[in-house]
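See the structures that follow.
Each of the next two complexes has chain A plus one other chain: chain B in the first, chain C in the second.
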Partner chain A sequence: MLKKQYLPIIVTVALFMVMFVAGAFRYTGFFSLQVLLNLLIDNAFLLIVAIGMTFVIISGGIDLSVGSMIALTTMVSASLIQNVGWSPWVVIPLVLMIGATFGCAMGALIHYFNIQPFIVTLAGMFLARGLCYVISINTITINNTFYMSMAQTKIHLPGGNFISISVLIALVAVAIGIYVAHYTRFGRNVYALGGSEQSAVLMGLPVARTKILVYTLSGFCSALSGVVFTFYMLSGYGLHANGLELDAIAAVVIGGTLLTGGVGYIAGTFFGVMIQGVIQTIISFEGTLSSWWTKIVIGLLLFSFIVFQRIFTTRRSSRRG
Partner chain B sequence: MARLMKHHLFWPLTMLAGLLLFNLCYSPDFFSIQIRNGHLYGSLIDILNFGAPLIVVAIGMTLVIATKGVDLSVGSIVAITGALACMTLSKSSDQNGFAVVLLAIVISLVLAIVLGLWNGLLVSLGGIQPIIATLILMVAGRGIAQLITSGQIITVSSPRYNYIGAGSLLGLPFSVFIVLAIFITALLLTRKSALGLFIESVGTNSEASRLAGIRSRAILISVYAFCGICAGIAGLILSSNVSSADGNNAGLWVELDAILAVVIGGTSMNGGRFYLSGTLIGALIIQTLTTTIYMIGVPPEITLVVKAFVVLVVCLIQSEAFRKKIFERRKYRKYSDKAEVTRHA
Partner chain C sequence: MEEQRPILQMTDIHKQFPGVKALSNVQFRLFPGEVHALMGENGAGKSTLIKVLTGVYANDQGTVELEGRTISLQSPQNAVELGISTVYQEVNLCPNLSVAENIFIGREPRRYGRILWKEINRRASQLLKERLQLQIDVTKPLHSYSVAIQQLIAIARALDVSAKVLILDEPTSSLDQNEVKQLFQIMNQLKNEGLAILFVTHFLDQVYEMSDRITILRNGEFVGEYLAKDLPRIDLVSKMIGKELHMLEDIPKTTEGRIGMDEVLIQATALGRQGVIAPFSLQIGKGEVVGLAGLLGSGRTELARLFFGADRTDQGELKLGDVGGTVQSPKQAINQGIAFCSENRKTEGIIENLTIRENIILALQANRGLFRTIPRKKQDEIAEEYIKKLNIKPSNPEHLVKNLSGGNQQKVILARWLIMQPKLLILDEPTRGIDVGTKAEIQKLVISLSREQQMSFLFISSELEEVVRVSDRIAILRDRKKIQEMNGQEISQHNVLQAIAGGNSTHG
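Coming up: the complex of A and B.
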């Protein structure tokens, strides 16, 4: 039997399928495995960021710094590789470390000084973007062979389709995300924290550790996403991924995660990202529609999902009470 | 002295004075104001003129934050109103006609109120968290602005419209008078009537205020509508200053600057208390900071790093947990023996 709690995620999956099928009927050449795979290829970085964001939102917080963190990662990688000449094998672990440390610091500020996550991560957003410009205000193009090969390698699948290495990274991240959220103690602590921090404290759960780890994880995810984004763009630039935090939050909400915390699924986020990808693909297939329709449609979807969530939660709580 | 330091304007004013002092040392002609063609010119006047849209947005934001909310959509509203006003002007045959300019201003402000009402309805009747409710319009709003301008940057040639953002009255930029009018209106409405108290009580506890007979919902809706109209006016000032509308970049990040100005001004993000004069100084600090950074000649983007640290420091000072930690450590250092004794006693 289907549980009631799976309803939001079912709606998300159904919406994704309806959109894809509608696209398939309307445009020739839309209904192919490659179009589906392209969704993954073009949104691999968003997917990775959104996983970190899902954990943060389930824990009842928010992380606005992710887009800037991606930009900082591209910038640090590009400058270290191009200008300093370090090996990618040193640079990639280093930027991942930077991301995790950055997130950890924000988490510590949020927990120990009891400042709203919104403000702390806003400061983090300013700081990371500003640091990009401290490195350079211009684009740094990467022509390192390792990055080039990561960007261009196609992994061929049976049937003449292909995916990129970034997709593999993203899918592994999703798998790990699902495992961590549902099958580890840390995952359960995150849900408990989002459900009610007070109760989590009274239950003796490690609230401080969980909260800081959640932001560390989000910082790590955005750095990883930054690495993937560097593969995708082959450059470092301070304006990369501008406003991506909104896309990530939108994907998480469309994926059925409650913004009040405590409820949500990584798998839902996966489909949330895919829905955004489908909207972009449909708009590019349509040809006459301009790109700003993407923003309007995503806004409308956000609205309907938030209203849907609202109805869903009030009904649930009124039944309980 | 202690009383002076406790005043809510002490730290913001000190900060502003410090910034101005730095500017004075760095370039002595910073304070020089010249009169050319009957207009005043100088860095200080520039700060007032370019800071006007931010101040206006921040005044609206102060009231929203006082109700424990936040309005992320102001930047989008700025873009939408600018786009609509310029579109109305460019569609008409006589761009400088008084009626046309008035029409453009009125319909864009009406739209701004409607957008503010929409936010207010979502927050009050919908019961959605303010961050999320206004996020919807923040995402969709940029799209709507580009839809109005069809993705183009629309330029208008209308001296009358241009007057709003670039004209001058009595030697001062006209936008300064707009700011003053809005500031005084807001101040009178909130401090000379019970409205300010109602807003603070809704911010402290919305449910309790409702039970006490305050119409919480109406207050919430009108606060968001006011924030919308403030953003709309800022949009008009911005677009008329450059005589063009850019759906993509107009008012970009203004929401963050406005929140920052409010927080620097001493209004807590937890709601329940607000200082309009603090916000005014907060916005001036941000604008002075930006001007200073331009003047020193470092890349203007580095402003972001400075802002980040300002946000952090201000929030840490406001954070009770932080103050307690610092305070307690001091107390222990001073009275460590006494503390020992009481513990054993």
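Coming up: the complex of A and C.
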């Protein structure tokens, strides 16, 4: 039996399928597995960053620093590999560490000084973006063989289709995300925190640890996303992933996570990202439309989803009283 | 019972807040298998004592012993681990999580770090069924159940954490009579199983129905510990207030010499809203106090909201007697001299971070328009006048409202509407969660305003005694329908109760 609380996510999945089928009817060559897989290939980094964002939003917070963190990751990776000549095996763990530490520091500020996540992560966003330009104001192109091979390797699937290594990383991240959200204490504490922080304290849950870990996780995810983005772009640049935090938030919300916290699903976020991807694909198939139409459609979608969530939650709370 | 050793003993507890002595020299003991009521007016130190006991505040001096061993309570988590669990009036669980998860979160059964959902759901169902006789779908989110059920779930969680001491803080405030009965059954059962229960409530009836022992606090000091059976009700009240109390019986109930009550102030004719309240007619005269009696959820608040224009009506009409105007929105209502004092003072009334003065002048200022500031001197005058009139404590108008006790916050809200000099003041549960003394003051105020200034009231209260005392006329609601009106001599607790319960009334 379908439960009522799954309604937002069902709507998201249905919307994705409708869009994909509509595209398939309108454009020849649209209805193929490879088009679907390309959605993943082109949005792997967004998917990864959106997973961290989902946890943050479920906990009742927000993280605006993720786009800048991706840029910083590409910049640090590129400069260490190209200019300093370090091995990717050192650089990748290092940038992941940087991301996690950065998130952890923001989480600690948010918790211990009781500051709104919005303002702390906004500061984090400026800081990380600014640091990129300390390293270089220009693009650093990467021609390291490891990165090249990560970028170009195609994992072949039966039927002549393929995915990239980034997709594999993203899908593993999704699987881990779902597991953590639903089957670990940390995951459940995040939901409890988003439901009612005061209750979580009084129920004796480790609120401080959970809150800080959520931002650490988001920092880690944005660094991982940065690594994948580096594979994708093969360069480091201070303007990379500009405004990506907002795309990630949009994907999370379209995926059925309530901005007020407490309710949401990683699987929903997956489809939220895929919806953004399918809009882009449709617009590129259309050919004559400017890519800004993606933003327009996403804007409209966001409006309708937020209104839908509002109706859904008010109806729910009015039933109580 | 006397020979037993107390499971919990608090000795010489002191707690100082900046500028306020919250607790001094307070003693409290709790025996296994008893219900012990902690009584006191608002601001007497009950909440502070409970917060010390649950590890929210640290006591400055004194010792807390649990089962004969001195313990130091560091945090709520710590208190729970030691076996002291609390169920609060506003249920402190997570509404978004399932019932089962609310019981087990933080202590989920796991295998290799993986939460075993089936086990959680099975154990939660079993626990609720066996110990609380509650058979519900535990996989549904908590918010889909009523507050009463949520409270039972909170108790279930407390029990499963292996509570030795269970603190119930105002558990009955938002329950209807049947729910209260159910809760009491469970409390009795748990008591017989040997649990020690600390019970805080404002309802005297409930104190005498449930508790074996009573500890009284006043102004942060220990007044005494008594066996409930040895402490007459009137003594309890006078000990809480610190003076002999005549206020409780003292309100004159005469309709003699009342003028203007025949003059209709506002008249509702067949007013109704689909699915919310069945069409009803009700008129309120000038200077008349009309009480609304009925169980929780019988449609009292809903009826009042229609009078204020807060909800749309879909049939009938509401007419003001003298001018013949209608009320369709709160703004219109306010312009016509109708004020509404909501039952949720925390969310719909008080602005905690403003001072008493600012809270009092809020509505008046809003009515004048935000660009025509009331001169500061005038503000001070108004604030001083009403602080004195309503006996608001502390009397410094620059005190932040969040530091006031519930009763005094309520008075501030009352003051806010009173300075508007409304013709009709709707009071929705004005005395809920307020101590006996303040309650009586508010009741007296309502009565004297209606007599002296011809102010009309629509008075909603869950306490029969109170409605009966203040009202000139009572409208009785049952199942979202107005079923009867009572006047003058007819009004008695007995008659009202019978009408609510649907006894031998044949009125339509």
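Some points to look at:
Everything that follows uses one rule, which is that the second predicted complex is superposed on the first by the 321 of 321 C-alpha atoms of A that agree within 3 Å, B and C clash if a C-alpha of one lies under 4 Å from a C-alpha of the other, contacts with A are read in each partner's own complex, and residues count from 1 in each chain.
Keep in mind that, in the parts below, contacts are C-beta pairs under 8 Å (C-beta built on N, C-alpha and C of every residue); 3 or more make two chains touch, one makes a residue touch a chain.
Keep in mind the model is a prediction, meaning the values are calculated, not measured.
Shared-chain residue A:L7: touches no atom of chain B or chain C. Applying the stated contact rule after C-alpha superposition, one finds that A:L37 touches neither chain B nor chain C. Greater residue coverage of chain A by touch, when chain B is weighed against chain C, goes to B. Once chain A of one complex is fitted onto chain A of the other, the partner contacts of A:T184 are limited to chain C, with no touch recorded for chain B. With both structures placed on the common chain, the touch criterion links A:L171 to neither chain B nor chain C.
In the overlay built on the shared chain, the residue A:V120 is in contact with chain B alone; chain C does not reach it. Of the two partner chains, neither chain B nor chain C is touched by A:I135. The part of chain A that touches chain B in the complex is made up of residues 62, 109, 112-116, 118-120, 122-127, 129-134, 137, 238, 246, 249-250, 253, 259-260, 290-296, 298-300, 302-303, 306-307, 310, 314. By the touch rule above, chain C contacts chain A in their complex via residues 54, 75-77, 80-81, 86, 88, 92-97, 101, 105-106, 108, 110, 113-115, 117, 141, 143-144, 146, 157. Remark: chain A residues 5, 182-185, 188-189, 191-192, 194-196, 198-206, 262-263, 316-317, 319-320 touch chain C in the complex.
On the chain B side of its complex with chain A, the touching residues are 70, 126-129, 131-133, 135-144, 146-147, 150-151, 247, 256, 259, 263, 269-270, 299, 301-309, 311-312, 315-316, 318-322, 325.
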